[in-house]
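Next, two complexes with chain A in common: one pairs it with chain B, the other with chain C.
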Partner chain A sequence: MNVIECKDLEKLYFRKRVLNNLSFSIEENKITGLIGRNGAGKTTLLKIIAGYIKETNGDINVFSERPFNSLNVSVNSIFVDDHMSFPPALQLGEILEEAGRFYPNWNAKLAKRLFDYFRFDEKGYHNRLSKGKTSTFNMIIGLASRCPLTIFDEPTTGMDEAVRKDFYRALLKDYIAYPRTIIISSHHVNEIEDLLEDVLLIHDGKKLLHLPIGELKEWAIAIKGDSETVVKFIEGKEVLYKNEVGVNTMYVVVKQDSPGSLKEKAHLAGVEVVSVPSSDLFVYLTTDAKGGIDDVFKNN
Partner chain B sequence: MNYYILHYNSNALYQKGARAILNTNSTKPIYVQIAEWIESEILNNHFQANQKVYSQYQLAEMYTINPATAAKGLNLLVDENILFKKRGLGMFVTDEAKEIILNKRKNQTLKRLVQELVLEAKRLQMNKQELIEMIQEANDEEVGP
Partner chain C sequence: MMSLKTTNLIETVKNQYFFKLKANIDSFSSLVGIQILAILFSLGGVGSSGMGGAEISVNVKHYSSDMIFVFTLIWSFITAVTITTRPYRNHDFSFVSNRLSSSLSNILFLGTASLLGGVTCILSGNLVEIIANVFLNQQVYSLTGGASHIILGIMITFFYLFLFSAIGYLVGTLVQVSKLFVIVLPVLFIGLLFLEASTSREPFLSNLFQFFAMEPNISLFIVKMVLTSVALFTVSLSILNRLEVRR
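== the complex of A and B ==
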């Protein structure tokens, strides 16, 4: 069953087109990573899914209905980011208690345990927390609510390394215990990729890729070798990134048409095959200038 | 509070141990690495024929990976007849598992290694005789004549 279905979705902020003909669907009980550069439209998309803002054109269905103004969507989903607002008069302990009345699947025991583990003070106030602590607290609400659709928008903003690791593990453990549909947007692709089942990559409001994470590693490969051999080898293939190292060595990332097809051939041609880290691949796919930042400095 | 600190530390160690086996930077997808790890466990006799192996959820927790990824690794082994499914009970090691793995590693992994060896020798402008002598020498040292 698809929890989210979206077809030709468009969003305009004044004259700027933020989402452009976006069509995709997300199945129930999968963890999907939403990846994109700054300003790609990630947050806008997630807010439309959560029903916070209206779409301009196209269809969006969450639990088979339009999310904007839908009570059904709002009771079954939670949108976690670092701007979540809670009543400023309530203490943290009271917020946890009240949250339990909002979310039907709320797990008070889990909330309390995480709360103590991360050393929160029940008598503290949300607006007096540090940046990292705010994210941590919001994450606790997000996990303990156990909403059928849980959306994390840049959940790790400000969290230190240890807390981020704890968060990923907590997320996975609770997901195994209580499967639900989860969308995470993040800049730290290499940190979250192992957790994901699917990846959705958007760029300039358009969908670039939507595929299972396992296929991503096979989607493109990098080859390294002396320039002449490499140039001959990549003939007719889709080049995503090209870099010359030293005098006569070339590093090229090419798209692989079918899994494993190029690896064998490259071995025989005598060029080295190296893996492309997913985070690098996303950067190559979303950079318009093929030489990267170096192009900016070239003509001066 | 002490309990939590202890718990945290043991978790960190556990993850470190698991990380040593999975290599995120490898060209191999994670599910292939999971499958290969289980194969090694079978070769090391940690799992015998007809014994139950880890479930996708146990693997997911051990390595902090998505359960679907773990399942893909297990299914890879089912396709190769190394594991078999018992409905509602889990995955078990087949009688032929060890033999299949050994054969596969010989015919695929070792063959590829030899191929690389030959290519590297060619790049170093070694002739066939030199290469064969070198292999013989290494074999005498490691295994005995």
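== the complex of A and C ==
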């Protein structure tokens, strides 16, 4: 069953096209990573899914309903980010109680245990929390609500390394205990990579890739060797990234048409094959000018 | 597999209503503050008349809850405007909500606030008389006519407060649509006042005032109040229903 179905989705903000012909679907009980550069449209997409904002064109269905103004979508989903706001009159303990009033699957025990583990004060106030603490608290709400669709938009903003690791572990453990559909958008691709089943990469409001994380690792390979051999080898292939590393040595990332198809050939050609870290691959795919920031300084 | 839950509007509105009673507790403390202020202002008497002869002089001071009433009206207007602002709408959407349930629970909250405002307003009128008698040593001749009088007073005050909430809710909603209304609405209102003072055509605002404030028939008064409030809320609701949150 598909939890989210999205067809030709388009969103305009004051004539600026933020989402452009976006079509994809997300299956039930999968953890999907939503990856994209700053301003790619990740948050806009997630807010449309959560029913906060309206799509301009196209179809979006969450649990087979249009999310905007749908109570059933609202009760079965939660959108967690660092802008989540709660009434300033309520203490943290009271906010947890209120969340329990609204979400039918709310696990008060889990909430309380996480609350104590991260050393929150029940009498504290949400607007007095630090950036990292705010994210941690919101994450607790997101996990304990156990919504069939849980959306984390940059959940780790401001969290320190230890808390981030704890969060990923808590997320995974609770997911195993209580499988649900989870979407995480994050800039820390290498951190969440092990958590994800699927990856959805968007750029400039368009879908670039949507595939299982295992296939992603085979999607492209990097080769390294002396420039002449490498240049000959990459002829006619889709080059994602090219860089001179040292004297007469070249590092090139090329797309593999099918898994493993290039590896053999590269070995035969006598160039070294290295795997591409996913986070690097995303950067190459979403950098418009091949060569990157170096190009800016080259002509100076 | 996780099963989907369903919910309905009534359930959600009920949850949100109790949530708001807690979350908007500050508006009740401001009610207390504003009424205490109004009581202090009222202690000087809202009007006085005197007469005297050679041997005797009589000075009559009028104590009433008029001032408290006006202050409470302003309070209910401001409370309604406040809960239409962006932070308040965002609070709703941190939990389960849609735009309709958000507004309906707001209206219920404003109704509760109006009732509370009405009760405290009428009772503080009595308080003014007592304070005048006990602390200011004034001889009080109370004109209030017992329980039925008080209940009638509370009811009428409630309807006025609710109407002002409805006006405030609409004003707040319009401002949420465009900040231009912050300028347009006061200009329109004050402009209308001046226009009426300077021209001799049918005075719109004073007719409006007559229509709502000078109705002698109680049931007709209630019908007028309820219909107007419902109409105002419906307009706000249909506007808010299309508004995006947290963009």
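Just so we're on the same page, the second predicted complex is superposed on the first by the 300 of 300 C-alpha atoms of A that agree within 3 Å, B and C clash if a C-alpha of one lies under 4 Å from a C-alpha of the other, contacts with A are read in each partner's own complex, and residues count from 1 in each chain.
In this text, a residue touches a chain if its C-beta (ideal position, glycine included) is under 8 Å from a C-beta of that chain, and two chains touch if they have at least 3 such contacts.
What you see is a predicted model, and the numbers here were worked out from it, not measured in a lab.
> After superposition on the shared chain, which partner residues are touched by A:D116: those of chain B (first), chain C (second), both, or neither?
After superposition on chain A, A:D116 lies in contact with chain B alone.
> Contacts for A:L209 in the overlay, against chain B (first) and chain C (second): which applies, first, second, both or neither?
Neither partner.
> If you stack the two complexes on chain A, which partner ends up touching A:V283: first (chain B), second (chain C), both, or neither?
neither
> Who does A:G270 touch here: chain B (first), chain C (second), both, or neither?
first
> List the residues on chain A that touch chain B in their complex, please.
30-31, 116-117, 165-166, 168-169, 172-173, 175-176, 190, 193-197, 212-214, 217-218, 221, 263, 267, 270, 273-275, 277
> Spell out the part of chain B that touches chain A in their complex, as residue ranges.
Going by the criterion above, the answer is residues 1, 4, 8, 11, 15, 24-31, 57, 60-61, 63-69, 72, 112, 115-116, 119, 123.
> Could you pull out which chain A residues touch chain C in their complex?
13, 28-29, 47, 51-54, 63, 69-72, 74-76, 83-87, 89-90, 94, 98-99, 101-105, 141, 146, 148, 178-180
> For chain C, which residues count as touching chain A in their complex?
Per the touch definition, chain C meets chain A at residues 1-9, 12, 15, 18-19, 22-26, 87, 90-91, 93-101, 241-242, 244-247.
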